[in-house]
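Next up: some structures, all given as structure tokens.
Here come two complexes built around chain A, the first alongside chain B, the second alongside chain C.
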Partner chain A sequence: MPDRIALVIWVLGITADVCLIATSLIRGSFLKYFFLNLYVILAMSADLSRQFVLRTWGLNSVEYHYVYYYTDCLLTIALFVAVISLASRVFAELKLDKFVRITAVLLLLGTAGFSYGVVAQSTQRLSTSFTNELSQNLYFVGLVLTYLLWGAVLKLHETRTRLVQMVLALGLYFSAYAGSYALVNLASKYEAVLYLGPLLGCFLPISWSLTMLRHSEDSRLTPARLVAVQR
Partner chain B sequence: MMAAFILAFSLLTLLMFFVSYCRSLTAASMHKALTEEVLDVTGIQAKASGRDFVRVMQLLQLCPDRHEDRSGLQIVGTYYSFLNLLDQSLAKLSPAVHTWAEEERAGCAHFAAVALGRRIALNREMLAQQVEL
Partner chain C sequence: MSRKMGVLVLAMGILVGAMGLKTMVSANAKSTVMMANGCSPVPPPLPPPKN
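Moving on to the complex of A and B:
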């Protein structure tokens, strides 16, 4: 990736992260959406540490590869936890939040075990392969979970505007990210495809910040309007 | 093969989440009634229709900008263009798609009209402040 474009995207990402944290602090929602904010803080720390390692050891160094894959794996797990925190809020009224958390932990361990199993079958047991495999699988599980969560939001006639829009933003992000992973595999020769991932990384904090700015915690919407085709 | 499947699946979910996200934006303004002023200025007859959207957007450009509305209007504008595209392509095959797209465009027009109401109110406030000075 040319240095200048990558740097512009990096600065945009950091700015978007800072914007979200500042917005949630100003709006008094930092603790209310703690896991979402935690994900953004971790994303910012990962961006900074990757940049430091990149400048010190270079793009093709072993150090950069390790830092990149391990932070990516950590971020995917943090995002997974953020999805679960939103799911707990949606299911809280049904008193199913504890069940959701236990299921999520089992799913996380299951995905980690599956990914390890896939990597362990290869002759070279590289830990970076394991983290890469785990990240990809968790993104896919995250997409499916968000899809199910959206189904629950519709079924339970959720009216909280912030919650609905945060789940939808997450769904858009996971779909776009999973698509970009696939596109990189299919058409990696096109350089533009390589910018997709870092660019999409900026979308989530921006959309969450806009949601927090536009709507208060009490803001409600008409649930019937959310169903694409009225019955 | 697997990558192609994931790409197709994620494009479908992307489209679904995009439509739902835009609907959640317009849904937030659906319970807000249009003021008499907005109805007068835009010529909307009680309920906004899809055709009103372009006119309301033109009127919005004449009012002082409110940065809180800007991103929402851009997203809804993109959604309106997408609905137009859908209406010109798929709707020719199915009349139900045309009816659905028209309802959605009306929602977009209502969203823009509510934003126009807010901008008119802001305009009045600014004018009142200038008179006081």
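Moving on to the complex of A and C:
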């Protein structure tokens, strides 16, 4: 990947992260959406440390590989917690937030156990294989959870604009990753597909920043209208 | 069915669904599932360790 394009995408991502944190602080929503902000702060820290290692040791180095995948695992866990925090807010009115949290803990433990079971036979690089496996498995759990949350938002006629748009953005993010993965396998010979991952990494902070900027906590909408067919 | 049982069944259902989806997606793939958080370039896979 040419350095210049990667650097432009990296700067865009860091700027989007800073924008989201600044917007959250200015609009007084930092603590209301704490786990979303925590994910973005961790993503920004991870990207800064990755860039340092990339500049020092290079893209093909073992050091960059380890830093990338270990921070990636940490970020996937943080994203999972962010999805659960949104689910807690959606189900809070039904007084089911406690059960959402118990389900989340069970899912995290189940995914960790399953990942360990998969890599337990491996004798070399056990911790690396485990973090990769856990990261990928948690990603798919997050994907399923986000679609369930998407369904719940429509079924419960959730009207809080910010919450709806944040859940929609997460759904789009996970779907876009699935699409980009298919594209990487279909067209791996084209170098352009390698930019998709880092570019998608900028999507969440940008969309969440726009949501924070454009809508206040009191904004309301009717998601049922989005799916109603006009006759 | 009690609520506790419901939570357990829901968690197991999500886990089974997610792992099934992963197996389905990665079955015909040439590479491992690309997962990337953040905007840094994805590193190429490591070469197998030397014995």
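Of note:
One rule holds in what follows: the second predicted complex is superposed on the first by the 216 of 231 C-alpha atoms of A that agree within 3 Å, B and C clash if a C-alpha of one lies under 4 Å from a C-alpha of the other, contacts with A are read in each partner's own complex, and residues count from 1 in each chain.
Methods note: a contact is a pair of C-beta atoms (placed from the backbone, for glycine too) under 8 Å apart; a residue touches a chain by one contact, two chains touch by 3 or more.
All values derive from a computational prediction rather than experimental measurement.
Legend: residue contacts after superposition of the two complexes on their common chain; A:221 is shown touching chain B, with no touch to chain C. Of the two partner chains placed by superposition, A:37 touches none, neither chain B nor chain C.
By the document's definition of touching, of the two partners only chain B reaches A:169; chain C does not. The wider contact with chain A, measured as residues touched, comes from C rather than the other of chain B and chain C.
Of the two partner chains, neither chain B nor chain C is touched by A:23. Once the two complexes are laid over each other on the shared chain, residue contacts for A:54 go to chain C alone; chain B is not touched. Look at A:143: by the touch rule set out above, it reaches both chain B and chain C. Of the two partner chains, chain C is the only one that A:64 touches; chain B does not reach it.
When both complexes are overlaid on chain A, the residue A:85 reaches neither chain B nor chain C. When both complexes are overlaid on chain A, the residue A:181 reaches chain B and chain C alike. In the superposition on chain A, the residues of chain A contacted by chain B and by chain C overlap at 140, 143, 178, 181, 185. Of all residues in chain A, only 1, 6, 9-10, 12-14, 43, 46-47, 50-51, 54, 59-60, 62, 64-65, 68-69, 71-72, 75-76, 79, 99, 102-103, 106-107, 110-111, 114, 124-125, 132, 135-137, 139-141, 143-145, 148, 177-178, 180-181, 184-185, 188, 194, 197-202 touch chain C in the complex they form. Chain contact summary for the complex, chain B toward chain A: residues 3-4, 6-7, 9-11, 13-14, 16-21, 23-28, 30-31, 68, 71-72, 100, 107. Across the complex, chain C meets chain A through its residues 3, 6-8, 10-12, 14-15, 17-19, 21-22, 25, 28-44, 46, 49. Listed in rising order, the residues of chain A touching chain B in the complex are 140, 143, 147, 150, 161, 164-165, 168-169, 171-172, 174-176, 178-179, 181-183, 185-186, 210, 213-215, 219, 221-222, 225-226, 228-229.
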